[in-house]
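Chains here go by letter, A, B, C and D, matching the order in which they are written, and residues are numbered from 1 within each.
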Amino acid sequence: MGWPVLSIMTWAPFASALVIMALGRSRPALVRWTALIGTAVSMVCALWLYVNYDVATAGFQFFEEFPLVPSMGITYQLAIDGMSLLMVLLTAIIILAGVFASWTVKTRDQEFYALLLLLVTGVFGVFVSLDLFVFFLFYEIAVLPMYLLIGIWGSSGEVRPQGLFGWAFGRTGVGTKEYAAMKLTLYLLLGSAFILVGMLALYVAAGSTSFSLLALEAVEFDPALQSWVFLAFYIGFGILAAIFPFHTWSPDGHASAPTAVSMLHAGVLMKLGAYGVIRIGMGLLPDATQQWVWLVGAIACINIVYGALSAMAQKDLKYVIAYSSVSHMGIVMLGAATLTENGMNGAVFQMFAHGIMTGLFFALVGLVYEKAHSREIFRMGGFATMMPGIAVAFTIGGLSSLGLPATAGFVAEFLTFLGAWSSANSWWLFPAVIGAFLTSLYVLRVVRAIFWGPKSDDPRFQELPDAQGTEWVAIVILVGVLVLFGVLPGLAITPIDASTVPLLMRLGGM
Amino acid sequence: MGLYAYLSLAAVVFSIGLFGVMTRRNTVGILLGIELMLNAVNINLVAFSRFHGEVTGMVLTVFAICITVAEVALGLSIVILLFRTRRTAMADHVDWLKG
Amino acid sequence: MNTSYPLVIESGLFTLLLAVFLLGLVRRRADDLLAGWVTLVGLAGLTLAAWSAEPGRVALEGSFVLDELSLFGKRLFLLSGLLSVLATLAMTHPSFRRRGTEYYVVFLASLLGMLVLASARDLIVLFVAFELMSIPLYFLTGFLKGEDAAPEGAMKFFLIGSISSAVILYGLSFVYGAAGTTNMAAIPPAVAVGDPLMLLGLGLMLGGLGFKIAAVPFHMWVPDTYEAANTPFVAWISIAPKAAGFVAILRLYVEGVGEAAVLWVPLIATLAAVSIVAGNLMAIPQKNIKRLLAYSGVAHIGYLLLGLAAMSVSGVGMVLFYLVAYLFGNMGAFFVVQAVNGAEQSDDVEAYRGLARRSPMLALSLLLFLLSLGGIPFMAGFWAKLFVFWAAIEQGMYLLAFLGAVLTVVALYYYLVVARRMYIEDPAVPTPIPVPAPLMVAIGGCLAGIIVMGVYPEPWVQAFLRVALTLFSTN
Amino acid sequence: MDSPLDPLVLAVVLAPVSAFMLLALVAPLRRSGRPAAVVSILGAATAFVSAVLVWRGLDAPLQRVWTWLPDANGALASVGFLADEQSSVMLLLVTLVSLLVQIYSLGYLSDEPAPGIGRYYAYQSLFAFSMLGLVVAPNLVQLFVCWELVGLCSYLLIGFWYRKPSAARAAVKAFWTTKAGDVGLLIGIVLLWRHTGTFDFAELRQLVDGGLVGIDGLALITFCIYLGAAGKSAQFPLHVWLPDAMEGPTPVSALIHAATMVTAGVYLLVRMAFLFALTPDVLLLVAWVGAGTALMAAMLACAQNDIKRVLAYSTVSQLGYMMTAIGAGFASAGFFHLLTHGVFKALLFLGAGAVIHAVGTNDITRMGGLARRMPQTMVVFLVGTLSLAGLPLFGGFLSKEEVLAAVWDGGMTGPFVFLLVAAFLTAFYMFRVVFLAFFGPETSRESEHGGGHAPHDAPWSMSLPLWALALASMAIGVYFTFHHPETAFEAPGWLAPLATGVASGGVVLAWLTFQRKMISAEALAQATGPLRTAAARGFWVDEAFVAVYRGMLMALARIVGWIDRYIVDGVLNVVSAWTVSGGDGLRGIQTGKVQDYVLALAAGVVAVMWWLRGAM
């Protein structure tokens, strides 16, 4: 194959972003179609990769190399294995759906799409780059546009905490979209500071010759170094994966962000954190992994239960979804922490499943908000009559998030549970299962309150349209994937397994 | 042991100059303080140059003196300029730019 | 004639200076735009000359060298001068029409000082060059004597400046005393044996140089001067004299000293840490963007010192890289500030509300400059920061690197606040901001600089590492 | 081994699911109402026919599996079917009832808007598929998957009329309660997998027979599995959802909450009996809880006036019977009762449905004298009642007797007594319903369904299934009264008469009370006193759950929510606020006075000197 498919996939959105900026003002249709084409190209590439990835030989494939800063051993080195393959697929799906979901963006759509696509390029880059350094490069690209995306097109919430620490909240301006944007961006950049230091430490320890993951994998780092570098990575990436107690950017950020951004961020970027922990933290530092896995697992358990409980306490729909993400990322980290085949597969599968699921959620919440102009769960009611499509889709998403079989969510959780019980700290199983149960509590509560319940008598909610036109496309894509991978998990597990098993081999997990 | 005597003298003069700079409120006074400091340096240089028995020190001194002159010239002009706009030569009255 | 001979460029600049001066004498009454153009053309030529020059020659029996470092310095000074003059041409302030020649002459004088300084290998030359560079700066700060901020800024700059040069000179006297000669080649051996007099001298000089590069606590003059002086000039002093200071530091404390140089590491590391923290924190509450950039500049000096503290080839090389990246980023930012000031007559961050809606390209370029300063990928600043961290970590200074990395987040905070004004808020008046052609060119140049360095840093890295190598290899 | 039956078994499972797909994906078809119903019914019919063929043709157990969850060494979990005599009979029951119920629904939902009907039948087909999948599941994973899916269908169908607040609430309640049990089941499955390394029933059986399964820790596993069963099969205290589930359309109650889904728990235990045999303590628990549930539910049934709730509680009670039998160690007896009960309870529900459809109320006290108005319904309902009461020649007779025998033979006197009392009460409350609803004076009904015209027998679409089921239960009854099946236990001679006697006693009491009015119902109520009031309140189990949910869970959630905003996030904000203020503070040193600057400079130099002093 002469084509640099990975590069095409990664840079296609960027290219279309440039085109969009080049377009004259007030050409909405053209802007949207350009964006759509860009993402479609990525989608096609992703599918091509999925089809042509050779599971039998496993390992990294589709190598692309080009020396970037030879004097420092920085190479533009791309390749994917099963894990990244799935993540790439996820990204492609989400952004495609995202473009459709934000078809109706009115203000400054040019900049919106440009930034969104720039962001996506970053995300793709992270998943496909093998060179730690390029990884980091794309990582920052994936984080930064968030600020403007939320700041300009976001919506301010109603949360105005008072009382304890009121002065601090006042000073930082909790509740406004600017606050959310700033918090999210800075928090994630803080994480990247940790990552950077850890990365350089490894690079130097390995003799300042190469940043390539493959090269570094071969190195046996000194345990003491491993130990703190692992923590640096864990915190750095963990912030993005919303591990407790570094998760508070997620609710505010996701609640304020515009639909497509929430989709992309909760759906893909959080995975990016988990991916970093697994691929770089665990992949490069086997000893430290063994040493710290108890911590990772324990915090993951906290995430699961804590996130679920927080979600129960929310009255704002977007906050519920955001906290559910916190809880589900717990499942991911837990699966990874088990260091067992099933757990690891479960973790990666959960990344994918939750990505689709939460993408769907935010798409739907966006639609509901657009039609009903409300996010207050207990004001709305009986929407199923007026917007059956949205109601059904939301229900399916909810069922998936509470781990109902025949949706992707179940497979992920089931595998994770198996892994947890067969791991060194088998007690992890119980918080995980309880978390799943709590999820069923708050999800169904919401579903009943908004959709499948008595109609609210609020005059605003008497005549509401169902989703229409392009909005359907987004919903259908996501629901379809969710169910498809729930019914035929083999589609995903096979490539995943091809990448997790070698990783576990190196970790001595099996 | 002559050298160290000179050095100490220079040190004393330098310190006096610095003290003056920090304590004088009048800009011109501060300029004088700076003059003292520079002359302390000259003492040093000459002393060293004698000690080593070669002239470069002296040369440097000459340069130093010229430059000092230039500096003072410019300094005074700035002080005048300041006095024109602010109607004061007191250094600590001039604090519009801060924070 | 072959520019590889020492003093060729200097003499070229001197001729230019005279030419402009005479021009001023000749066309007394007319407006002085011409002087600016002449200066510009001259500088452009000299810059090219500097680029074509080859290192290696020596003059005045070794007190004036044309080595890699000096060439780097000269190119940097000339380039920044060129950009600054470009921007100055866009200044509409009457003083530039009436007294432009003065401005350019003095400007060139200072530039001449820098060029000489870059090559000085003798204490006398060093000192003279230093003063030749500094004294004009005081004048230029107060150039807009009509504005009531200018004299105050000039006064403060002048007093602190001359005190610090007194300190430098005092230290210099001890160095001379210890070495018995003004040739810097005599310094390394003395340091190697730890001659107290020498160390005393160098210590004092470090204090004085700290003022030139504006490291905390010697930075106090920076914000006030920046606020007072006219923007193109500020853009220039925000980089050129500091670079000169670093060249001097490299000459005095690093070149040829080799192993013994580690002696200074703790001192420099402390200065770095303090500068990074204080600079970034104090930048947060600033309302005036020039002050904000001033404080962030202080922080950047901290990062430069961080690289220097590594006292390694890579460290020094990365400091040079950082200087160039910083040149483009910072000057560019100041040029945009100048453009906005030209329309709004204000340097308040408030004046940037909705800039993205008024003139998108201007806003975008400012955003990029700030991001470059903040160290965001695909901008020169990113590599710069990364490289200094690398150098630091290479020497095992993990905590220092970590501190630096964390405080970049603080830096991004106040840069993003500006971004927020430009992009998120709505403009008070929708009219676009006019950007004079020369200024546009200058901005474009800086933009090109940060992006080229950001996308493909390799050649630069190699060049600078080579320069650094010479410093450590010599004797 | 490739058997001609394979396609048939597959057909049983796939026919409904294809119907569902059709309805789910082809929106216009779904919205068209009756055509949708026809599609679904066709699916069910196909399933039924193939089920019959499978049942007739099956000689040896038949298993087929395909990999579902791959892992490094082949397959972690697989899907497929295991057809043996248990599953094939169960298939028969499920397909039969669901077919009849779907037909019945045509009439019952006649005045539902077309899209509603489409939705209804989509759910129905999905349920049929999941239930059948559960029945034929060859391993625990598939069983669990289908298990959850039937739970989902029950949720959807209970909430079919979601505009009714009570319905919406009941649906969620049902889901939550069963889900709570499923947590146990899931844990059990995971633990078991870790314990034995397989999900597959056949393999498990081999391991058990080979004595390769460690006993220690097994009790926990079986207990967890039992939790799941208890949730689905409404064992105390998880029975609370079943009565509320009656908010759903009556056919649904007949199918899901009487005949099939609720019995899934029992079926699971029957499937796993060989494993439970290893943990007698758990079995004992199962038995006692079962018996207790049976008795308690029977009492509750006596205190209800809503005909459907009476039936619901009787279902709970009968499930208790089955569980007790399994607990006694004779799963076959429980399974047998499951089958017969499935038939006649469906019959009863559909009959009740017909009545409600005609009368427009669930309240038996507002019915009466319907026998004259709707004779057919009366007859079939009576058949059902007699079977439930367990009188000879009727469906429930032998199965109930066998359960009693099993329990007695299992040496569990306590549960045995419970069950006897329950049997008595069963007869009593069922005939109470019969007498109040069908005999006695006609009460005037103003709020009558369908305006003025008097209630009448149901249309063919409803009466046909009724008769079919009636005949079926009669057939079972007659057949088994004379052919005693082989059992692992022998019934003591006195048991049959005793059981019959007890049942008839209940009937008589009911007759005396509600027909002859020789004993006043009030007096009876007085006699039972506080017990009755407690029963009326459902023994406050609901209140207990609500207390746990509101008082503990939600409270905890609020606390956590507060902590998250004010502590975790608060600290973060404090730190940021401090950073900003720190900047403000430092600005203070920039006084703008030149001397201070000089001071700073001097201080710096001095500091450098000081440091040098140390360095030299």
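The working rule: a residue touches a chain if its C-beta (ideal position, glycine included) is under 8 Å from a C-beta of that chain, and two chains touch if they have at least 3 such contacts.
Computed from a prediction, not measured in an experiment: that's the story for all the values here.
Per-pair counts of C-beta contacts peak for the chains A-D.
Note: centroid distance chain A to chain C, computed from Cα atoms, is 43 Å. Chain D has its Cα centroid 37 Å from the Cα centroid of chain A. Centre to centre, using the average C-alpha position, chain B and chain D are separated by 97 Å.
Here the CA centre of chain C is 78 Å from the CA centre of chain D.
Across the assembly, chain C contributes 155-156, 159, 163, 167, 223-224, 285 as residues in contact with two or more other chains.
Those residues of chain B in touch with two or more other chains are numbered 18, 21, 30, 91, 94, 96-99. Within chain A, no positions touching two or more other chains are listed.
Shown are all chain pairs that touch, namely A-C, A-D, B-C, B-D, C-D. Contacts from chain B toward chain D in the complex involve residues 18, 21-23, 25, 30, 91-92, 94-99.
Note for the complex: chain C touches chain D at residues 155-156, 159-160, 163-164, 167, 194, 196, 199-200, 203-204, 206-207, 210-211, 217-218, 220-221, 223-224, 263, 266-267, 278, 281-285, 410. Of all residues in chain A, those touching chain D in their complex are 159, 161, 163-165, 167-169, 171-172, 174, 183, 244-245, 247-248, 252, 306, 309-310, 312-314, 341-342, 345, 382, 384-385, 399, 402, 404-406, 410-411, 414-415, 417-418, 421-422, 426, 429-430, 433-434, 436-438, 440-441, 444-445, 448, 452-455, 489-490, 493-494, 497, 501, 510. Per the touch definition, chain D reaches chain A in the complex via residues 67-72, 76, 141, 144-146, 148-149, 152, 159, 162-165, 168-169, 171-172, 175-176, 179-180, 183, 186-187, 190-191, 193-194, 553-554, 556-558, 560-562, 564-566, 568-574, 576-577, 580-581.
Listing the residues of chain D that touch chain B in their complex gives 587, 590-595, 598-599, 602.
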